[in-house]
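Below you'll find the structure, written out as structure tokens, and then a few comments.
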Amino acid sequence: MSSNSFGKLFTVTTFGESHGPAIGCVVDGCPPGLALASEEFKPDLVRRSTGRSRYSSQRHEADEVEILSGVYEGHTTGTPIALLIRNTNQRSRDYERIAQTFRPGHADYTYWQKYGIRDPCGGGRASARETTMRVAAGVIAKKWLAERHGVRVRGYLAQLGDITPDGFDWDAVEANPFFWPHAAQVPALEARINQLRKAGDSVGARVDVVADGVPPGWGEPVYGKLDGELAAALMSINAVKGVEIGDGFAVVAQQGSQHRDEMLVDGFASNHAGGILGGISSGQELRASIALKPTSSILIPGHSVDLAGAPAEVVTKGRHDPCVGIRATPIAEAMVALVLIDQALRHRAQCGDVGAVNPRIPSGPVA
Amino acid sequence: MSSNSFGKLFTVTTFGESHGPAIGCVVDGCPPGLALASEEFKPDLVRRSTGRSRYSSQRHEADEVEILSGVYEGHTTGTPIALLIRNTNQRSRDYERIAQTFRPGHADYTYWQKYGIRDPCGGGRASARETTMRVAAGVIAKKWLAERHGVRVRGYLAQLGDITPDGFDWDAVEANPFFWPHAAQVPALEARINQLRKAGDSVGARVDVVADGVPPGWGEPVYGKLDGELAAALMSINAVKGVEIGDGFAVVAQQGSQHRDEMLVDGFASNHAGGILGGISSGQELRASIALKPTSSILIPGHSVDLAGAPAEVVTKGRHDPCVGIRATPIAEAMVALVLIDQALRHRAQCGDVGAVNPRIPSGPVA
Amino acid sequence: MSSNSFGKLFTVTTFGESHGPAIGCVVDGCPPGLALASEEFKPDLVRRSTGRSRYSSQRHEADEVEILSGVYEGHTTGTPIALLIRNTNQRSRDYERIAQTFRPGHADYTYWQKYGIRDPCGGGRASARETTMRVAAGVIAKKWLAERHGVRVRGYLAQLGDITPDGFDWDAVEANPFFWPHAAQVPALEARINQLRKAGDSVGARVDVVADGVPPGWGEPVYGKLDGELAAALMSINAVKGVEIGDGFAVVAQQGSQHRDEMLVDGFASNHAGGILGGISSGQELRASIALKPTSSILIPGHSVDLAGAPAEVVTKGRHDPCVGIRATPIAEAMVALVLIDQALRHRAQCGDVGAVNPRIPSGPVA
Amino acid sequence: MSSNSFGKLFTVTTFGESHGPAIGCVVDGCPPGLALASEEFKPDLVRRSTGRSRYSSQRHEADEVEILSGVYEGHTTGTPIALLIRNTNQRSRDYERIAQTFRPGHADYTYWQKYGIRDPCGGGRASARETTMRVAAGVIAKKWLAERHGVRVRGYLAQLGDITPDGFDWDAVEANPFFWPHAAQVPALEARINQLRKAGDSVGARVDVVADGVPPGWGEPVYGKLDGELAAALMSINAVKGVEIGDGFAVVAQQGSQHRDEMLVDGFASNHAGGILGGISSGQELRASIALKPTSSILIPGHSVDLAGAPAEVVTKGRHDPCVGIRATPIAEAMVALVLIDQALRHRAQCGDVGAVNPRIPSGPVA
């Protein structure tokens, strides 16, 4: 299967380079009859957009989604849904400077090694611009999951550099440009970003995604496990270097008596597992986290080599985020939603007759 | 594609339950002409085997691999290679006790919710016994990678509970039953395991895998990225709750000036990225880590429910490891090798003519 | 995806060579809860078996199916079902003779060109023995289709050399070793086969498969069309050189006014289309036909070359059918059933909510 | 895998409805470094175009291909190539008439049964307009095959109704609007089409495709056989009801002594097999044929039903071809080319080291 496609039954194929004429995607396998209009893509694209605040890249794209197919009289038809966004604000001249050198920590060098081609403009296919289409496809997935199963997928910034939340309030998350769950810390985050921008440096981040309403039974052991596919989906996001489910790496120091989520008649006693057991959803809240590296596109000069192998010094001007992790929040949500809809359809395919046979225990306290 | 298959071109399909008559796999897409004999599976199966030492489960399986197809006169033919291992030491009576209840932290409940079937014996398909065939398939992958590309895939235990290595020596790893890289700490590990066994409890672990010799260019952006597929492969191993590439979650607190691996004429200056940039191997050492939860099969009684939804107390007798992470080392190596051979073949397919066009910089210092 | 796997959701992976220790398959994605016992494979395997009558190859295999996994207490669990048949009657010495030459019209030469390996025994993987596992997997598919949807898949021999049926009676088909639909012609078929055997020659055949009870809606345009997948499935059977749906090649000389199946309130007026329109089942009888070439394993000497490229004369002794098409009947049924179950599951995945929304017209007269 | 995608490694995903804003495709997995410009699509699109002559549909589309991605400075980069064609000449009002009824012999009814949606405009996704993108993708495949392997893929009309060629000349094929291989018969074809148009009727056709230069070794037994994939590819073309490889259905009446292609030192003595043995190319000319039904979009009134199940009479006005088979020629070529490039890449992946090990015999006389 094509490596620019994601999902087995609800399949998203993305295309387009950061500085090419357009980016787009084809969503194949969407259930028919879902109401869908182009304006529904706006909110999540704005959330992802670099233009959300001055704390991220200053490239402003209109991100107008054109639906080219698969929707008739406002509803999906079951045929492939093609979405197109024209690039309008690319500034390739920012990249002329670096056409002959490789940016440290970037995909320049590896793309060149793989394909033998050097497309220096905006990172080409490796640019975070590609994630726009993940978010767009995720909008469809989120809508179907909500309407059909009552599933809600939400994310937030859980760490920025060494700053962690001092409190948690879902309502706060969408009320600040950092997707931060504790409003009182927003000034501190602003200060940190400003300081980084001044220093021409960047910082890493951690994003958490939570899905509630996921019924038990989604996930296909052993190579289509729900957690395995979440890991692939999330690790495929630009700059991600780590993925955790539930307690993640904290389990290394836990003991079994502490980690196992005991089952009571009125629900699970805890949720260390993050809602997945044996690769299948348990009915508890699904919890995943990702670690995003600090972008390597910074103003501080760095050592590199050029195409001929000679030493070079590189400064990445362009318009880059001091913390790419901030706007990764809607992207991570989208990838989780894409995994969930695909698994939901696969589960219906194989186990559509199992249905409500077995009694479920309540999801219990949120970890 | 089948969810019990792994890999696009070098495809491994595993089957078999812990307490069924046999486990096995079909390896499809193996390059022809590779020398292969059934005794070659032995070393890694012994490394994985629960019988390696008294510090892991006391179930002893002969693990004799029968090659059923795909090998003629000692060489692979290019047709599917079927491997079969008969189960000889299953003790289903250990499980009769628990047939009517769900073990907390186990896949019992989720399999039952998904499939409507309760197969209590040894965890059925969810048992770690399935990983035997991953290791077997990995032997073929490792051999081809070593012969064709000089790639070496090695793992070690990087943390057990709160114990971390005080030193590092590859030679030590294979000389102790813990795959621990520092010989002097082995008595401390033994003491910890004995103490856990006495307490009827278990503990988590961290395993690191390193692959050297990987050429630049392997990996297919954006949904077949090398790190994305490693994440899926590693997260699909039983008990894994987290995956990291390179510095992993440590990147959250790093700055760009610190993280980016500068490129010098004589090699990369560091390896925070773990050998992958933009989803493509850079030619540096590939580094991945996994977090394994403490097994939930412990002797300390826990709260649960039974099939009818009534409260129950569960004690898991059986023969279980106090730390399943120990023998995950060869399993993790196998999964990394399976990802690498698949990507190597895919790279040859698409970019076979790019070949040695571009000069490479040396892999540089090992992180 | 692996090329020895068939089907997207109900996936069959076969392995094994004609003269290796065993053949087998892994059926992944089977709905859970289906009753299944090893003796259920017998009837179709006997129908396919070379031992059904003296009019086919004299190799007699017991074809005892062992279920290695995926079935617990007599029902499928939803995990992979592995089936194994030991080869017991291989006579490799028949093939020693031909180890250094290529049989005209055989896969010897092309396998050797592709894989660089010469496995002369019984055609290796290219042997019709592989089809045993298609039939076995087809048994599961047929059973589920019948129980869940009332679908029945049946085939018959529609032409042998230049002999065509003078009448049609489904009851006759299973009452003679030729799967011939008109009992009165059986002596003529016997005479033809005997004459061919005496002459050391072989003849081609045509097999028709009919599936009734298929609901409208199965099939996924445009590259997963029902007819496209049937064509792939049927053409993949050994010796098949042509596939037709409905009227097949006869449509070339038809006019639109004649071909289109008019729709009346009480059903379709005809079935030239063979039950498929736009790649989706129409609810009419599904009709497919295949052309099977005369086997090239004959006693009449033929010109060939040897491994060194020198001229050689080849006579294929072994135990071969004068008409391989005869026992292709259950194989073709199996492939049709495998396509149908896969499409049924895929349809449920995407369109499970469309269900009985739309009124259906009756299937109408059988073409 | 998505059902609107074709190919495993060279993957084409098409989208778009006949009367939507645009049609397009994404070609993923193309080898990098291939020169490609948008004007290269023109010749084959014109060959396919309904506007080629007055003997086919009078809908005239500009078919201007915009390359949206995957090409940088005139060469493929290895990233997905998106192609877009805006629809400019759709006339939906032709279809208002039929919005409430089903056209006999059309996909209207089956799409409605499957998806629960009635999109009456121009056949929606089931329209032959979709094949435009097959032809566009095929242009890339043909070019790579020619440059890299010297493969040439050519088709011609081999039968129209009951008219068959009286002679054969490749040069004639492209010199008349029928792709007919014998110039002297062109007036007779014109007369037949005019007569059909006058009668408001249509007729079937047969198209042959020949590929020369295919090296031995392409094709993956047993479910990725070259002939199996050709069958799927060709049967997926609108209106195709039959596929033959080599002698096709004529083999039914052949004997083995006649059919087997004997091998001489200076080449194969014949080519009944059509260049494929055991699912793998033999190095001979590849020969495939398809049967195309007469279009059901005719002016002669036909019986049908409406959405409420009541009887209706249908006349299909629109702008339709009296023989859709004529312009199927470049479509069939494209599908053959897409299968070949995919198999070529897959062969290089698995067997890239087998290479030129084995001596080949010449392809011999063309059948």
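To keep things simple, chains are lettered A, B, C and D as they appear, and every chain counts its residues starting from 1.
Please note the rule applied: contacts are C-beta pairs under 8 Å (C-beta built on N, C-alpha and C of every residue); 3 or more make two chains touch, one makes a residue touch a chain.
Since we're looking at a predicted model, the values are computed, not measured.
Farthest from chain C in terms of Cα centroid separation is A.
For the pair chain A and chain B, the distance between mean C-alpha positions equals 26 Å. Chain B and chain C, compared by their mean Cα positions, are separated by 39 Å. With touch defined as above, residues shared between interfaces to two or more other chains in chain D number as follows: 1, 3-5, 8, 14, 29, 32-33, 78-79, 114-116, 125, 221, 346, 351, 354. A complete topology is adopted by the chain contact network, contact being made between every pair of chains. Across the complex, chain D is touched by residues 1-5, 7-8, 11, 13-17, 20-24, 26, 28-29, 32-33, 66, 68-70, 72, 75, 77-82, 84, 114-117, 119, 124-125 of chain A. Across the interface of their complex, chain A is touched by residues 1, 3-6, 8, 14, 102, 104-107, 109-116, 125-126, 130, 159, 161-162, 196, 201-206, 216-225, 227-236, 238, 240-265, 269, 272-274, 276-283, 291-298, 300, 302-305, 308-311, 325, 346-347, 351, 354, 357-361 of chain B. By the touch criterion given at the top, residues 1, 8-9, 29-33, 78-79, 148, 221, 345-346, 348-354 of chain D touch chain B in their complex.
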